[in-house]
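Read through the structure below, which is laid out as structure tokens, and then see the notes.
Think of it as A, B, C and D in the order they're written, each chain with its own count starting at 1.
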Amino acid sequence: MALLKKINHRARTDQNSGFGTNANSYGGRFVNKDGTPNIEKRGMHFFRRISWYHTMIDMPNWKFMSILFIFYIVLNFIFAVVYYAIGIEHLDGIEQSQSILTQFGQAYFFSAQTFTTVGYGHISPTGFLTSALSAAEALIGLLSFAIATGLFFGRFSKPTAFLKFSHNALISPYGEGTALTVRLVPFKNTNFTDANAKVTLGMSVEENGTMTNKFYSLPLELDHINALSLSWTLVHPITEDSPLYNMNEEDFRKNHGEILVFITTFDDLFSNTVAARTSYTFNEIIYGAKFEIMYNRSKDGTKTILHLDKLNNFSNSKFN
Amino acid sequence: MALLKKINHRARTDQNSGFGTNANSYGGRFVNKDGTPNIEKRGMHFFRRISWYHTMIDMPNWKFMSILFIFYIVLNFIFAVVYYAIGIEHLDGIEQSQSILTQFGQAYFFSAQTFTTVGYGHISPTGFLTSALSAAEALIGLLSFAIATGLFFGRFSKPTAFLKFSHNALISPYGEGTALTVRLVPFKNTNFTDANAKVTLGMSVEENGTMTNKFYSLPLELDHINALSLSWTLVHPITEDSPLYNMNEEDFRKNHGEILVFITTFDDLFSNTVAARTSYTFNEIIYGAKFEIMYNRSKDGTKTILHLDKLNNFSNSKFN
Amino acid sequence: MALLKKINHRARTDQNSGFGTNANSYGGRFVNKDGTPNIEKRGMHFFRRISWYHTMIDMPNWKFMSILFIFYIVLNFIFAVVYYAIGIEHLDGIEQSQSILTQFGQAYFFSAQTFTTVGYGHISPTGFLTSALSAAEALIGLLSFAIATGLFFGRFSKPTAFLKFSHNALISPYGEGTALTVRLVPFKNTNFTDANAKVTLGMSVEENGTMTNKFYSLPLELDHINALSLSWTLVHPITEDSPLYNMNEEDFRKNHGEILVFITTFDDLFSNTVAARTSYTFNEIIYGAKFEIMYNRSKDGTKTILHLDKLNNFSNSKFN
Amino acid sequence: MALLKKINHRARTDQNSGFGTNANSYGGRFVNKDGTPNIEKRGMHFFRRISWYHTMIDMPNWKFMSILFIFYIVLNFIFAVVYYAIGIEHLDGIEQSQSILTQFGQAYFFSAQTFTTVGYGHISPTGFLTSALSAAEALIGLLSFAIATGLFFGRFSKPTAFLKFSHNALISPYGEGTALTVRLVPFKNTNFTDANAKVTLGMSVEENGTMTNKFYSLPLELDHINALSLSWTLVHPITEDSPLYNMNEEDFRKNHGEILVFITTFDDLFSNTVAARTSYTFNEIIYGAKFEIMYNRSKDGTKTILHLDKLNNFSNSKFN
């Protein structure tokens, strides 16, 4: 693969990528489409390797709710077994004449009523052991809900960058030459200010017989804007200093490489910096195309309308 | 419109405004008076376009409380219907001899007592289905209050910039010449430090036959102060380098343009950076006026009194 | 007052103090000893001028707890009145034969049991109105505790700079000349890194017949340290460029002026920048004194002992 | 100790370490292995010196849970004593014919049922004093759980740097010469970006007959990386400008000194900057060794595998 020869010797390498130069480890992609690094960790016990808070905060809603319900069902079952083992006669209000299944069911619901502190009282504990167990269960219940409260708050107050990236990066006409362009847009009712962008080219290439990871900074026409309210097209002009200067359509098709995009911006509501990442492999780059403007004036002339569905719309504009 | 010709060729353009140069989209205002961008998003389903957390956090108190109450009333109604459908005879304590409406009402209040976990117990569930439903309802109730707790905390801990801007921007006498001045003041018991200001002129002007958005930085005499305790008057001296240098009173009256003001400051109590924005259209600019000082010494000479009601007070001072 | 003449003409003024130059407002102190600005706000209704969250978060514990208890007592009283007005006969379990006071008391405690959702059930609501009221009260109770939870968390998670300043600033011997020194120390089990200090001289002086506020930067020998673990002595060397260069002991005694100190540092546990401020009026400056070292090695030689009670200890060291 | 003579006179001292130059206080280590400063605070009452929030947030889980349980058990005991003192006859549902111990036990569990607001109601308060006490207890219970909720959330939402450092620092071959190397790795499912490293050499040496603390900056080949996804080896090349330039293996073995390492990075999920510190004493430095690469490509070639257990793996590579 002679890609390295094509790289402009003037191109500025980016030594701060954090991915190292050892290419034996290269797994075909540095960064996944959703911005997470394409890395798997091993050699440490799962429980030590996992931040359970990060895990609980990051999982989808249905999974989180399922875990809560299953926890509730299982914990009540365990307590019901212990109540039953201590003796159903210590739960006042359960008739001894009923079937074992019914008695166990009532112990189960007594447990649920204790855990949630609803405590109707038609069943109530007598005797030291059962009373102590129910006192402990009520405490555990409340602490569980304390934890759940924290998790819920953590989940929805987690500062998230509600940014969408165009699915493709384009090589577009730009002045006399060409430029690499990527588009992004805020898609929710947020208010972003002070947005910064950083774009890096990453490649795993052969150098002197061994595979090496090479990273190059791709300078942008504008790498900072004050307000990120409309769509933002990141434009890397392919000048003589660009590592992409000598590459043609075929080079992108035949080689492996990756454009890493990293955005940070300040979210007014969270009052916090939020970050978003994505990457475009060479086969996600469209050569000779141009993003269409995705906003226009409203009919009454008093607003700008931003069309989120046009984020990836582009027109072909082959270069001659 | 020959406004563009009036713009000083020395003026420094601001390419980082984030509003783009395509003026077909210009809706008469870049930024609304309250600082939100004057943009409407379309082309994506409402639920995906909305961050429900941002929405719940940003709405007024009465609306938020109403939503909580309506949610409570409706959810209890749904549960009451299911309890009733399972069979009112499984709710111990409800007399079967009563009217259907009364029975339903009692099922409704049993639901409320379960949802809030008050669980008096004069009505209590029997049978598997009703017991299981009430166990689920108690869980759902507690989780709902967990979510409400998070929302309440999110609402009142949201770092907000309690800053008020003068309603008008003024063209004031300044040294030998004039200056554009805007005033702002912290109006609550907050403690702001490290305040920064950025002022931009935005215009939608005709250039070579097409409408273009033009943005110019307006440098300030002071764009940073260490403590924002008193009022702060932002002063843009209209020197030869200012884009406003050639503009007279009539130019402001006859043309469309906008002064964008962006403030960030550190709130000691939130220990967080907070941001505030506003904008002044040309017809909100008063030509030949000067802000009156809005603070004075207390009678006993031991304090400075800041008069918040004088924020927009100015005296006319026509230029000769 | 000829203080202004004493000020070195080389001294660098600090235009970013945020206190303005208009000295008619000067209330004898710019910043209070506890770091709050010495300013009172007027001209706006109390409720609009107050951020109730800031107020609830900043008040002392005893006051906060008292407000919670009083709120609980008063709210239950109001509900008890309404229960009583609807009719005590709708509260099952209260004997009608008792005295009015006893009945009211029982309505009161029923209200408390509903508000806290303890709901023993020996008293329970019957009839639509009483049932609906108790359902509403249980909701209000839970929402109140949701708010209280948020306030508690807000109170103790509020990033606070646990820093203590020496009570006095000293004019100490320093190399061949003298220096203004101030000492501060972290006094709790916190871990501060990246600490920055800024010191400003503020004076209200006569200039051309009118009183003017003047501010001067006081450059420090070190204005940044990587770890703030031990005591930190801020040293402003009084060189020829210092505004204090010509001032002698009498000048400090006879004139009014103020040293403003502003610290920001990163608290590892809060993972947040925290800020602290204080000020020293000229009569809090001790001329000819030197801070004593406030730490030493532990007896077993394995630790450094920091003596917090020695923060303001200094030895006299009159200059010849 | 002639170590100071060995220090290159070109070496850049680090005056911002925050540890002071007074070496009488040096306790054999500036910073502990876990990153906390090796300092003990005295001279102020324990309760004023301790931030109880920091303490509750920082303690291990088992300790935190134990405190909650003990608090619950003790508080119920106190309330039970008061209920008993007021008179067991005011607790409806407790049979007077039982033994004192049984009666007290039932008062105890009534207290637990009130504190957790489970309120079964088989025991219920009568009379003003007992009713008022139980109303107060229910309030205290809910406020306790409000505080517990905040503490739980504070504990698991505390931004923590899940970074592991190699146990040893190495003096490795580097180009023509040598370098000091330290390795670190993110070991949990976090996403770190914008990582910065600062390395300082700290020594307590004899200078002109008195012990002095000396600090030197150790410049790194790379002190910033954009993404901290893989392992990061900090490399300080021992050039002519390095304070370590003249030191050989014996110098490290015979002298006391310390390498301080400080990392800050941005955690995407917390959306917050997190910090980690560690230190290596001279006897934790291995002379003539080199870290082995700790990641490789997955078998299917689509991922990079990071082996956390190889963090401290190194091969000997004695210099000739």
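For the reader, a short list of remarks on this structure follows.
The working rule: contacts are C-beta pairs under 8 Å (C-beta built on N, C-alpha and C of every residue); 3 or more make two chains touch, one makes a residue touch a chain.
Since the structure is predicted, the reported quantities are computational estimates derived from the model, not experimental observations.
If you take subunit A and subunit D together, the chains in touch with both are B, C. Residue numbering shows that subunit A and subunit B use the same positions for less than half of their mutual interface. Subunit A and subunit C have Cα centroids separated by 38 Å.
Mean C-alpha position of subunit C lies 27 Å from that of subunit D.
Rounded to whole angstrom units, the spacing between the C-alpha centres of subunit B and subunit D is 38.
Among the residues of subunit A, those in touch with two or more other chains are 113, 117-121, 145, 149, 153, 272. Interface of subunit B with subunit C (complex): residues 68-69, 72, 76, 105-106, 109, 112-113, 116-122, 145, 148-149, 152-153, 156-157, 162, 187-191, 193, 195, 222, 224-230, 232, 266, 268-269, 271-272, 293, 295-298, 301-310. Listing the residues of subunit A that touch subunit C in their complex gives 117, 119-121, 149. Against subunit D, the residues of subunit A that register as touching in their complex are 14-20, 22, 24-29, 31, 35-44, 48-51, 53-55, 57-58, 92, 113-114, 117-121, 123-125, 128, 131-132, 134-135, 138-139, 141-143, 145-147, 149-150, 153-154, 158-159, 198, 200, 262, 270, 272-275, 277.
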